[in-house]
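Notes follow the structure.
Chains here go by letter, A, B and C, matching the order in which they are written, and residues are numbered from 1 within each.
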Amino acid sequence: MSGDRITKALLFISSLTILLLGAGIVLSLFGGAIPAFREFGLKFIVSPAWNPTTGSEEYGALSFIAGTVITSILALIICIPMAFSTSLFIAEYYNGTRTSSILRSLVDLLAGIPSIVYGFWGFYALRPLLVATGLSDQGFGVFTASLVLAIMIVPYATSLSAEIISMVPAELKEAAYSLGATRREVIFSVVIPSARSGIIASFILALGRALGETMAVTMLIGNANVIPKGLFAPGNTMASVIANQFGEASGLKLSALIAVGLLLFLITAIVNALGKLIIKRFA
Amino acid sequence: MHPELTDNIARRNRTNGRFRYLVIAGSVITVVPIFLIVGNLAIKGYRQINLAFFTKPAPDTFQAMMAAASGEIIPGGIANGLTGSLLMVLLASFIAIPLGLMTGIFVYENGTRRYARFIRSLTEILQGVPSIILGIIAYLWVVKNITRGYSALAGSVSLAIMMLPLIIRSTEETMRMIPIAIREAAFALGTPYYKMIYKILIPVSFSGLATGVLLALSRILGETAPLMLTALGSPAVSFDVTRPVSAVPLLIWDFYNDPNMVSLVWSASLFLMFFVLSMNLLARSVASKHKYI
Amino acid sequence: MNNTPQSENVLEIRDLFIAYEPGRYAVKDVSAHVRRNSITAIMGPSGCGKSTLLRAMNRMHELYPNIETKGDILLDGQSIFSMSVIELRRKVGMVFQRPNPFPNMTIYENVVAGFSLNDIRLKKSQRDDIVENALRNVALWDEVKESLYRKGTFLSGGQQQRLCVARAIAFNPEVLLLDEPTSALDPIATSKIEDLLGELKKKYTLVLVTHNMSQAARISDDSMFMYLGELVESGHTNTLFTTPKDPRTEAYLTGKFG
């Protein structure tokens, strides 16, 4: 039975590498962030300063935390009505029809387009539109980034919500129909109450994706290292500042960027864990 | 019948109808971008796609400027990106596929034990880690300590870490769909454990596993952010894993930052999107053919 | 009750065809009637179209996409396809195979769900009356009056099913459709529901789908036997069970298929 023992050992060892990988990621981020935290302490989190001039170096993550939170929440707000109606279309109104499966594939395709293509498209196609409306001089900024982010996260929120809506027992919906409820009333009195926590979780998971999106945001947000002053003002997110400045960074600045990465890691891990927890409770 | 009912029927039917239109309108708005994006890229990008596009490396900015000035199409293509992407994706698959498969089988086989459940949760957390952070990790591990400089290996490591959780989860989920009876039948015939895995579990779930791998590949093919921190990019075709290489998405980023190359970005984006989406569709068609009993 | 003279037949089914896919009929050319204040049982082997026929009586079958319906069903002489679905379903209530109280509502809220779903606001005292009446009518009042504000899902299967009957009759429908209402219940709960149906027919007209022949024989006044989408035979239950005219009916009753 040595074949059995070898197989079992191999499987176990490969699972250990995942353990090491997880621990390694956390430790490396902490290790890389130590110089920055030693220099600035917790002020790193609450300070909006970002000054790489040698001699008067000062780094704080607040502008980027603000940029990340604002763009992601705004993207989520734009995404909710779209994802909500699309998931109702797929899983309720046209459930089981050809139309529904076509829409589902289109939404899946939306999820497959690479981030950089979204960014490029936003830059050349969406940005001029915003300039034409006169809302923004150059079209860069929080709103443009959020709009593209919203399009990018809609598929995630939609496919999960649709799955959860389609799990609502047909018997409950039929009971409401047989009492004379209209479809809208069935949706609001039976479908949403039964699927509520799952739908909320799907939006939380979509938010988790928005928080970490890099390329599209980097190309559209304007890359200003300040707290955004308005919806159409430029800013920077945690992911985009890393993408923009990591290549030329060294010393304290490199450590500060890794510290930003550590914070981003923690925020997304918490948001994702929350989403998964709600989903598990639901199922 | 209840007297108050008659007067509210018309109103309720109206609200019901309006809500339906709202749902349809919202769904249309959701899918409009995909047509806009595909249409935009196709119209602006097709002109640059020819044989040279696939066989020549990217031009330098001077060549591009001269071509633009004389109204010709920009010479050169994305060959250095294609070879770089191929190199890194192969290397990443080489690391992530066997490791992911084995870990997935481990979690499936020991699903109820606390350790396996912990590995499963860890996998879910890893899946949610933003790709740019995996770039930082590969930078810290490989660029700084192994290759002492930007390298294809570093890029592959970041992509492999991205693929791993996807493959582990799809492996576990696919195997969980195999009826217990099939396993039990194998054991009842006296099959040793490892043979049950090689001869039953893996063949029975093969198309499901293939779908998982294809979807993971389609995810990493379009990744840019971690490669900026690891593979960096290179103007020449290179197969040296210890040296910087380019990749198709990295080329798009370079072209985007060079005003002379705009028309090449459209083509490269069109190609990348087409490639990733076909991989995606292939994965889904494999998945739809895959059913048990 | 109603003072105007009414015809004996509440429901008239005329040349009804129903297809889930073009050309594939689940119900083929069915014509029949349902008498007032009676229990009509629809029997037949699974897949014979009996549930589809029942669901057509309050147009629940339209919930499936791409459904195709030809022919007509009249309720008190009026075509149900010309009525508002809302109005129709208020007049023709339904009880399902498996008990399905709304899990997000209390027992009390479940009974008045028809009112809240139909946007009808009632005074507290009116609602209290309706709840007590409906629960008394299904012989559930004494069992649940202490726990009206608990979720309906903690009740036993039989109690849940009676709660669902109460929910359906709270609105005082004319007809109550029952789709194998006892198939998920144990024998004791089943016999309680059967007794209940005997009581309910004094006030309402009941149509019952069942694949349990002895149940049909025990409680129904009229029977319909369906096979492969066709209505093979219908009439008084006694006649149909003792002297079936069609050989297929006889084969079914003697257990040759189904």
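Convention: a residue touches a chain if its C-beta (ideal position, glycine included) is under 8 Å from a C-beta of that chain, and two chains touch if they have at least 3 such contacts.
Small disclaimer: the values here were computed from a predicted structure and weren't measured.
Based on mean C-alpha positions, I'd like to know which chain lies farthest from subunit A.
C
Please give the pair of chains with the highest number of C-beta contact pairs.
A-B
Between subunit B and subunit C, tell me the centre distance in angstrom, where each centre is the average of that chain's C-alpha atoms.
That pair's centroid distance is 52 Å.
Please compute the C-alpha centroid of subunit A, do the same for subunit B, then give the distance between them in whole Å.
16
Distance from the CA centroid of subunit A to that of subunit C, rounded to the nearest Å?
About 49 Å, centre to centre.
Scan subunit C for residues touching two or more other chains and write them down.
Residue numbers touching two or more other chains: 86-87, 90, 118-119, 171.
Residues of subunit A touching 2+ other chains?
Answer for subunit A, listing residues that touch two or more other chains: 180, 182, 185.
Would you give the residues of subunit B that are in contact with at least 2 other chains, written as numbers and ranges?
Subunit B, residues with two or more chain partners: 5, 12-13.
Given the complex with subunit A, which residues does subunit C contribute to the contact?
58, 60, 63, 65-66, 85-87, 89-90, 93-94, 96-98, 100-104, 113-114, 116-119, 164, 167-168, 171, 177
Which residues, counting only subunit A, touch subunit C once they are in their complex?
Within the complex, subunit A contacts subunit C at residues 94-97, 169, 171-182, 185-186, 189-190, 193-194.
Under the touch definition given earlier, write down the residues of subunit A that touch subunit B in their complex.
Counting only subunit A, the residues touching subunit B are 1, 3-4, 6-8, 10-12, 14-15, 17-19, 21-22, 24-25, 28-29, 31-32, 81-86, 88-90, 93, 103, 105-110, 112-121, 123-125, 151, 154, 158, 180, 182-185, 187, 208, 211-215, 219, 239, 242-243, 246-247, 257-258, 261, 264-265, 268-269, 272-273, 276.
Show me the residue ranges of subunit C that touch subunit B in the complex, using the header's touch definition.
84, 86-87, 90-91, 115, 118-120, 171-172
List the residues on subunit B that touch subunit C in their complex, please.
On the subunit B side, the touching residues are 1-2, 4-6, 8-9, 12-13.
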